[in-house]
């Protein structure tokens, strides 16, 4: 993670403020631009991809315009869109910068800028992949920008617009913004579920005492990924709180309950993250205590062996001495007597260790 | 816990906002609906379970209406109730979602939505079971929703209404809401008492030095359950604080002292949880220090045995050598002298270890 | 502590709000009620204990009335007092509930309710004992309630009233409330001093390296008692802060500096507690590092013994072999040479270990 | 530290509010009182020590009066000064109580009370010594109180007044207050420097691996002293912040930048303390990890010795057996062969341990 | 670090407030002063270095004046500049004090003082070098002060002014201030990248199990440097937040989005620092757990050797005894039988240890 990010920083350094450069991973597909226009009665999708079709809708236009931009790696495309919708250059810079953290900014009375993160969990390398998503909300339009690394994220909402004149069609661009954000937040639950499942595997291994250094490494890996997720989601809390409290002229009153619902979901995600963190801390503690218990058990074994065989070996050594005068050696039963003595000694030691709870 | 929850998430993913789906554990019994109407003078219980009887009471109606819904697993029932009482779809969604965390929401001047958690402690598996409870408070009515997994929770309040024209009958639906919440909070004390009792067992085992890995595991288990409880109760603090400070038009002034009392109880619960957490941390520390002490004692035993028998065995080895010329071996008293020497050596070692406090 | 509390909870569960039940330890002595009336010119003490004498003083009465109730285990007494002074039932419930944490509540313009904790340190069992104390401040009267488990706490203030027409007599019931609270807070210093003295004993034992498991246990015991104290005192900070900032109509302006002084004392107590907690953490660290150092020293001893005697024993073993051809054995000086060799070897090992700083 | 404080508490317990008692260490020298009067044009120092000369200056008096009291162990002196300047008894109590933590109190429009701590570091016992300093700022006067245990702290400011009609003489008593506080804060840097130097010694010892239990003890000692310092300085931050924000009528506007400067210095001191705390935590971690590394190295040595000599001794034991039939013993080259075999075995073990990185 | 700072403190102690002394490292080059004047149409650079050219621009002057001072080690230069621009002495003191932490101060309506830190990472000694930078913003001018230890930092901005009549030339001195600060903040990313790269090396060593005490030392070194960086950057957050919220008369409205952008960058830097800190904590934990695992493995080896060879050596000792009557010794196959028995015993032990997972 750290490695990947570093190189992205490099791209950024030295550019002067307002310079439009794409900062992100290499992307091969072409930028795809769609213009969707709809109201309760009708809808129209312009798939031609012509930038000239994407203009600030005139005030008389009763249709809502949604410009969906898939791919943000061509600064020129973003720039010309920005000119047509009269967007601040710094806003465009943020759209192009995949390192930009989630934020909400009211540029003027008529423009609200929102940028959030789409998350995907790559189970094989246990890494979370973030995709940079931005929205520009105007009076009658919504611009949405996505990296589109793995298919169009917003497909389900487009489908709803096409399929029925439902809530999405009946409401304004603010509801559309909500619906798209809701889609992204719903995805967070999926990512958490996958992480939760990996966490359970680790838990099982630790509880079954079969955890070793690799388990620990993957626990720390998950911990770090969770931190990445947390940083990606945390700002959403304040952003939504702000939208709910200080009603922007762009957000209609009846969208408010939906925003509150979204806020609730975000809180639930954050709480789950928190509970995962606690679980991880517990698992670590249990693991460390297991290691220490094992060490204890190793030491006990060693001590028991030493305490039993050292005295016995000593006795055997005694009667291996070559003194001329050693009366016991002459005793015809001496050998048997010494066996009995050593047996008793061993039994005494074993009883002693049992008493101390070491065996 | 983590496991159970995961599957519930799955049920949720992909639904569009406002879709009514029950998210929770499978429940077999039928939904039971009762309509209780009362004022100081009279009361009437309609047990027929007919949804058509449950309507928004007309303004002239001087009776207070309490609709008690036991079972929230049938979205259709909730939906038709919602239509009759003109409730927002997102509110209904929250009633059906057992994963929804406690919250209080003022939907409009006339409707207050409250959802909290009932807790039960399952001592055999040492797990806390949460039940989702919701209330909708209107001018003249209260709707209550419970999962009813183990009998009707609100029975005692119903009994009070039936038995005497006491405080509950004399006051409005806001007092009824308070009375029902008070019942739930009282239950928290019971759950804490059971956890406290389990904690004492663990404490006893740790203090008596008989704690092992299983004790530790159950300590961590309790810790996690306590975290679940804490998350379930914590929001209540802010909810009640809000109700007390910003008096809603639905809450009458003379209900305020009762809410403050309830707030006090919640704080007491939270404080007990905090003190349990501290106790757990102390127990863990004591346990770990016990383990380390035991290790120390094992090591000392090993060292003492080694330090006494190694030199003795060495001496025995010396006189087991087969050199042609070894004057001591010829000495008729040599054997006895060497015994005395070895005895002295052992005594010296023992004194040395006693001095260092190892024996 | 945990044990004692648990049973008290049980007494509480299931009671309906406003029910007056005594929740606390069994007390045998009878409730004692005294009525003290005073102003700058005169004073009168009614020791008859008759409840009928304790009435809301009439407005014309220029005397200040102080009703001192010693013993709160008889709900009936409290109830009838409550009726005469027109107190809210929930306030009476709080007076009877020894588990109620410290709080300040303004019930109406004319009544201020304060409840705090008296602390006593039982040095033999190293446990802190809390006593529940409540005050009701009115325009011309003050009610004080104490459990009176070990003599009347408020004796010194009563003595001051009797002895001279000093500050207490010159001021109103608000100053009396301050004076009684000051008495309680002064006691906190005493408790802290005793705990500090126990802490010093533990420190001495740890520094002198003679600390074992029992020392650790008593350190953890003190830590827990300190947490009990902290929880009992902490709310006082906010209570006094509130009284100072939002001047209640019941508190006269010239009592304010005294309240600020009391606030200062409470802060000093809390700071001392904090410094004790830090000290405890340090002591624990030092103790654990001592244990680990001892372990280290044990291991070193073991290693030195092994490293010296293992090679020597091996050499002795070599010359104890029975090969037919072993030239050294035939050497008349062989035995002496081998002694010299072994001596040299031991010296080399000792020098080696000294160099590594193990001896 | 704890010990010293305890006895001071004792002096305090049981006194009634407003009683003037000196709470502090025994001091032998006499109280010295000086009256300094100055304005831009002139100055006059009255060294007679007569209390009667110290009176509230009349309104027409254009001179600024500074009463410097060195020694606060005589309550009578403080009391009579208090009467002449009409100070509240609780303020006098705070002046006499060396345990009083730093605070700022606006008693009325005309009087501002400030108390702070002078710090001195006693390098030989590694302990920080605090001296209690109080100021009373009026319209035209400043009273300063110090314990004066080691010479007059305020000498440099007095010298500035005497030597030139500089900033101090041109400004009012508020600037004088600032100048005196600045002097005290400057001293904090000196104390920190000394502690920093002790810390460096400890660091050197730990880095050079020569740290033992005494180093640890002195690290913990410094940690505790740093906590004492922190508690003494921390309140200054809020006090100055308050003075800067809510301009008191006693503080002139042009003194504000100086106060901000002082605030900056205090922040710098606190930050240095914070960085020392972090350094201490790091040093502790490094030390503990060093100890654990040493243990590891001891264990490795032991294991290597055992693993090499146990098999060899076993082999020697084999050929020390007295069986009648042992063909190897008869082999004339057997002795040499066994030496070669044992040499090979030792080499194999050494290679094995080198491979595992233990040697 | 600590060492370097200490001596700087010494320079400071004892100086009276407002005294102008350079507090910082010795610098040899001469102070270089440049006056740059520009507006959209034209620009002029005066490189003569004459102080007399640097005067408060008259109100009619439509050009923006930027005085760039490289080198702050000559108090006289700063003082005379201060007189010409009528700056407060305390501000000059802060310009000269390289220990001054970042701050923003509005001295009067017309003057804004800003001081921040330039950071450089010295990879060879793994230390962060801070350079003290100050700005004074007036209506029509900006003064910038740098230590200039390694070349002019502000070169890129000067180049932009010279090269094109771009944003910098079109905007006022507030934008210039922003541009210079942006330059410094951009540098922070570079420093973090270098630290991140060092951190990766450490991570690799720890993951590959080849980390020893030196790795740990350099991890702690990095941790400390990161703390230095954090302290240098943290205040910027509040400073910018203040500038954004409370629009100063000196900051034009259209500069605000740029400040918000800068704020975003600072937040990103702080977040990266936070994530590095977390990474460090994880690395430490992994390292410690590796050490403990290694210890475990050493102990197991020791125990296995002891447990196998102790019984065998004991048996060999038995048959080395010299009893007259030992029937086994007479058995012609005895020697071979005992070999078989010992072999079996060794196999049993090995199986036992494999079962316990120790081999």
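As written, the chain order gives the labels A, B, C, D and E, with residue 1 at the start of each chain.
In this section, contacts are C-beta pairs under 8 Å (C-beta built on N, C-alpha and C of every residue); 3 or more make two chains touch, one makes a residue touch a chain.
Owing to the predicted nature of the structure, the values given are computational and were not obtained by experimental measurement.
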item: Type of subunit C:subunit D copy interface by residue overlap (half), same or different; value: different
item: Approximate Å spacing (C-alpha centroids) for the pair subunit D, subunit E; value: 27
item: Distance from the mean Cα position of subunit C to that of subunit A, given in whole angstrom; value: 43
item: In subunit E, residues with contacts to at least two other chains; value: 292, 295, 299, 302, 306, 310, 313, 317, 320-322, 326
item: Chain contact graph, described as a line, ring, star, complete graph or other shape; value: ring
item: In the complex, subunit B residues that touch subunit A; value: 2-3, 5-6, 9-10, 12-14, 16-18, 88, 90, 93-94, 99-101, 103, 105, 107, 213, 216-217, 220, 223-224, 227, 231, 284, 288, 291-292, 294-295, 298-299, 301-302, 305-306, 309-310, 312-313, 316-317, 319-322, 326, 328-335, 338
item: Residues of subunit B touching subunit C in the complex; value: 160, 167, 178-179, 182, 186, 189-190, 192-193, 196-197, 199-200, 203, 207, 257-258, 260-261, 264, 267-268, 271, 275, 278-279, 282, 285-286, 289-290, 292-293, 295-296, 299-300, 302-303, 306-307, 310-311, 313-314, 317-318, 320-326, 358
